[in-house]
Amino acid sequence: MAGNTFGDIFRVTTWGESHGTAVGATIDGCPPSLDLTPEIIQRDLDRRRPGTGGAASPRQEPDRVEILSGVFEHKTTGTPISLAIFNKDAHSKSYDHLRDIFRPGHGDITYLKKYGIRDHRGGGRASARETAARVAAGAVARLLLTRHGIEVSAYTIALGDICAAERDMDIIGQNKLCCPDAKAARRMEEKIKATRSRGDTLGGIVEIRTRNCPPGLGEPVFDKLDGALAGALMSIGAVKGVEIGAGFAAAAHTGSQNNDSITPTGFASNRSGGILAGISNGDDIVARVAVKPIPSIGRQQDTINLAGEAVTIRIGGRHDISAIPRIIPVCEAMVCLTLADFLLRQQAIQDSGMARIAGDDCR
Amino acid sequence: MAGNTFGDIFRVTTWGESHGTAVGATIDGCPPSLDLTPEIIQRDLDRRRPGTGGAASPRQEPDRVEILSGVFEHKTTGTPISLAIFNKDAHSKSYDHLRDIFRPGHGDITYLKKYGIRDHRGGGRASARETAARVAAGAVARLLLTRHGIEVSAYTIALGDICAAERDMDIIGQNKLCCPDAKAARRMEEKIKATRSRGDTLGGIVEIRTRNCPPGLGEPVFDKLDGALAGALMSIGAVKGVEIGAGFAAAAHTGSQNNDSITPTGFASNRSGGILAGISNGDDIVARVAVKPIPSIGRQQDTINLAGEAVTIRIGGRHDISAIPRIIPVCEAMVCLTLADFLLRQQAIQDSGMARIAGDDCR
Amino acid sequence: MAGNTFGDIFRVTTWGESHGTAVGATIDGCPPSLDLTPEIIQRDLDRRRPGTGGAASPRQEPDRVEILSGVFEHKTTGTPISLAIFNKDAHSKSYDHLRDIFRPGHGDITYLKKYGIRDHRGGGRASARETAARVAAGAVARLLLTRHGIEVSAYTIALGDICAAERDMDIIGQNKLCCPDAKAARRMEEKIKATRSRGDTLGGIVEIRTRNCPPGLGEPVFDKLDGALAGALMSIGAVKGVEIGAGFAAAAHTGSQNNDSITPTGFASNRSGGILAGISNGDDIVARVAVKPIPSIGRQQDTINLAGEAVTIRIGGRHDISAIPRIIPVCEAMVCLTLADFLLRQQAIQDSGMARIAGDDCR
Amino acid sequence: MAGNTFGDIFRVTTWGESHGTAVGATIDGCPPSLDLTPEIIQRDLDRRRPGTGGAASPRQEPDRVEILSGVFEHKTTGTPISLAIFNKDAHSKSYDHLRDIFRPGHGDITYLKKYGIRDHRGGGRASARETAARVAAGAVARLLLTRHGIEVSAYTIALGDICAAERDMDIIGQNKLCCPDAKAARRMEEKIKATRSRGDTLGGIVEIRTRNCPPGLGEPVFDKLDGALAGALMSIGAVKGVEIGAGFAAAAHTGSQNNDSITPTGFASNRSGGILAGISNGDDIVARVAVKPIPSIGRQQDTINLAGEAVTIRIGGRHDISAIPRIIPVCEAMVCLTLADFLLRQQAIQDSGMARIAGDDCR
């Protein structure tokens, strides 16, 4: 209700401020018997930690996850899994000069309007640090998906105005930007350098692809799988747009261009992005998100202070040039959390007489 | 949980199949003392009914709403409001020839995979007819918003490859396509004619603008206002993409281009689309949705039958050329339902000592 | 949230006022492929209708249920099931003299305080008529339980100060009070006559027994099965107490008296009422509810009017002497709804590698 | 959904096993600006800690609460409040001999049946230790109630077969059993001694009284205030019965005995327990719970092992003789959590034109 909980059955509540004691997540509804260790979670966490990727700030946050409950002898028990990441490198003092000033593009002004209280230290819940808890919880969700053979991976297809022309998945792990186009990746790194030197920041586009998702996931009519994915991905702070399959391009298609023909061996194309009428159809689920440039720029900006007076601000400190590539594991986490929940929701309504995951045998 | 319910406090459950007895909605959590009559709901319903707009099919469905509970002497009482629209013009026989064939771009194949059961009559819950119930419920939500001075309106900014170059709000009511650019509207109508003659269909883009939304609505971190809007709008069957404010264009902006400066009289621009860190900032809330072309086209398509064999299909019958403009009141309804819910959620946490809707007095 | 919805996965929302157009229920989350006809629901409805049982009023309400959605060719489809019972015999005029007076023991005073609005016609949502919708929805839940072999039945064990000394289940259907003790049943009928002649009313105790419930249902720690049953049963208007197994008697037991020993063939006794640590243990689930006497009595009572002035009231009209036995199918319905929901919740977390309903094979 | 979350708006999720790293609670939806320090929580925690009260075990668990998020400069901020109590004195080794044996009256057998996994260490989530997290969260809820002048207090009215004949609230703090009858309290302490010497345990009855609750709290029809309280209280492991107001005694009343007359200055009696039709009426809310004897007794009992073979068990170790009085702050916590949630739910639907908490001015 208050917005810090995600999912209906596989349900995650995150907590913690960027410059408080810790951030964490409580997972309620994780099935028993999954093989869970801190190392499994750490793997995903390490991909989003500060200092990762070509666009990252030099802040060094170890981000060590601790499992406080819900696991016994390396197995989930079905009880709530409490995860905590204690903050080590939080210089809240470095925000003291911002105590009375609203930062353009940030949530400090809206948080104050909402709650009537101001925690000026580095973004609080609105900080990207909050996503560490999402990634930790997402790693547990991914475990459940892996048991069902489902794979979720994301990669950069645009940074600023540079777009990936290819989708060579083998290249993703070989460049800092996780881009499936080696040539574009090089140009992106150059772009970052140039942008940093100007005290500016960059946006981009991330694509998230899910393979081997069984048909039948998604709940009509409000909890369609595409609706849920859109809500989940747009809940990431930096995301300003989401599209599924052909997405905005579909607006200019005709029906005969846009429909995916069906053949005895499957769909002839995948403009639907793997989802029909809100339910997975067995094809790859393809989503893309528009990532806005990081609002903490090194240039002078016009703003106001708490008294409502015009002032200028220049934000220094340790900031990334782009949310890309650190946002990639966050996007994956949100897709994993969504799918894990829908997987359990589908299991709930499938009765003994039916296939476990519908669709295996009903055609 | 099963996906037919929307909202946490202002909570709507819709029900009904396109070719069943009726469609309807139950609203639980509507505050008391709103002045509600069937006529108020009918006004919005009439805007989405078949036969409306230049792109519509000739099917004539009166869509008369009945209020079965929750209203006493023209006032809401705080108890559940049950709304029903009985189906009058449902020719389910006309779907008999589709009993064994999957229609490309439709949900019949995924519904079967999900539920193991096939209701072949015209789309069932996946039919656009389901949205009549959303519009009816949305009209009640709009009543609540109106009490707070909030206005929600949507309009067409693209049909196929024709885009509106202007935003003349006075024009919207003067053309069948609800387009704020008279010249574009004329070209859109011609495009529809040409497309109809080819047995094809069209997509487009709708923009939804909310005026006078108070700051403070939206719940961090998963139930951000933009996240909730994205989920709500993407849950409309034909929608394949959602963006807020600058949206996908923000991906190519730099931070210095994309940040909205703050001045003593408000934000200097509105690239954020009225939402910062998931919370409304008092500016207009601007969202856009990509609408895919209607999949029921009059041309021959490749598909399979229940036995998995390759067959061809040509869909006749009474179908629209585009979901635009009938989708416009549906988009408005989803935004109204989202905002009504967030308004009540905000009221819940505001204690006696605080302003009723935060932000009025806390700066 | 607003209280008219019950259940998490098998989720029911009821609506309708006693003297409005209709009462009804929308079930969202019912699994597909259940054989559902109006007759199946009608059977349970007929057991609670006015004019049933020795303690009933002569009001004759046919209570015909209509299924408006969610069923195709006599099978549930997995989509929402909308049920409506149109009011036929509602004499709202007969309540006109109560327009300004609060009835002792009734909810009219608290509804006004809550909503600031007064619907004086016969109780509105607080009327026992609201339970017709519960019973209708409960009949669908019972269908799901029956598929799993689970049986729920309730019976009268006390009326006023007359208690059943025996539990002869074969007798229940043979007396109007559904009492498993023939001798007590006769004394109860005499008691009703005497009470009616004095213009007074009676309370009593109902016991609800569930047979063949598999072990493993119930969710620690807040959604324990006993907690959920207590909440469900206490939500029936006339119920003022709930106990499970030994219940209040357990307060005076020692641990050695109260523990159920475990043997290779099962529990040696059932003081736990079939629930341990909030989870079903495979034994009969036994709950009892205290039913208060109907507050609409034929004797003069002190009360106040809307102006806050002292007045007296004597309620005439067609009222029952006791909520027993008509409350019996309502109690069964609430238990059926609770168990159906927990059954699906358990299915949700059981993964492919596990038994479908846990406990079958894990000892 | 998985049962570890309580409340809709003021929403608490607890986590942690009795012999794991820690237990804790995450509160999502607490309003901003409450004055919260660890000391405030500690006060309630100290009342339930082991070693408290005449019936307690000598285990000394400091139970120090830490606030990990959601509080800034001693004020709640509106963001999630994470509370943790690290386990210090957990001798899980002392449970090794129970690794293969089911303890009568305990949840180890049902947990295994539910989850297919066995954590044999001292009860896990089914341990009374879980309630420490409830009490911690309840202390925060109490803060919110206090702001509204609402007071919740519980006390012992029966231990075994010894009942309190008086309700002298000033006495409660003066005896270890928190009993409002000094004479009964002395007899209870003697009873405990005698029972301990026999290796046995005791049950009892606790009454919970809420003063100054405004009218209008509670949601018809399923989330009635009495229904919610019953569910909340029955979710405490040791509770087997709940009654409101006259409770089970109402079953033997006639309507003329049971109705509370209404006078210009209020209700003439309070047999309703402060709740009419599920909504608070402004009178004291009175609930009573039946507490079963602690199942860990020092006497030999029949049970089975994991192989299903008959064995005997004698439980040693540090166990309480009765859950009373340590359960008292737990009962209070559950009532506080319930009322805090309903208070916010009521605020949500009250619109600007209405009184803040309904009922103040609407008669």
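For the reader, a short list of remarks on this structure follows.
The chains carry the letters A, B, C and D, assigned in the order they are written, with residues numbered from 1 in each.
Here, a residue touches a chain if its C-beta (ideal position, glycine included) is under 8 Å from a C-beta of that chain, and two chains touch if they have at least 3 such contacts.
Note that the structure is a prediction, hence the values are computed from the model and not measured.
Taking the definition of touch as given, a chain qualifies here only if it contacts subunit A and subunit C alike; those chains are B, D.
Chain centres here are means of the Cα atoms, and by that rule the chain farthest away from subunit C is A. C-beta contact counts were set side by side for A-D and B-D; A-D has more. Centres computed as Cα averages put subunit A at a distance of 38 Å from subunit D. Rounded to whole angstrom, the centroid-to-centroid distance between subunit A and subunit B, based on C-alpha atoms, equals 25 Å. Computed centre separation for the pair subunit B/subunit D is 45 angstrom, with centres defined by C-alpha atoms. Within subunit D, residues 1-5, 8-9, 14, 29, 32-33, 78-79, 114-116, 125, 220, 345, 348-349, 354 each touch two or more of the remaining chains. Taken in their complex, subunit A has these residues touching subunit B: 1-6, 8-9, 14, 102, 104-107, 109-116, 125-126, 130, 158, 160-161, 195, 200-205, 215-224, 226-235, 237, 240-264, 268, 272-273, 275-282, 290-297, 299, 301-304, 306, 308-310, 345-346, 348-349, 354-355, 358-359, 362-363.
Residue ranges of subunit A in contact with subunit D, taken from their complex: 1-5, 8-9, 11, 13-17, 20-24, 26, 28-30, 32-33, 66-70, 72, 75, 77-82, 84, 114-117, 119, 121, 124-125. Subunit A makes touch with subunit C in their complex at residues 1, 8-9, 29, 31-33, 78-79, 144, 147-148, 220, 344-345, 347-354, 356.
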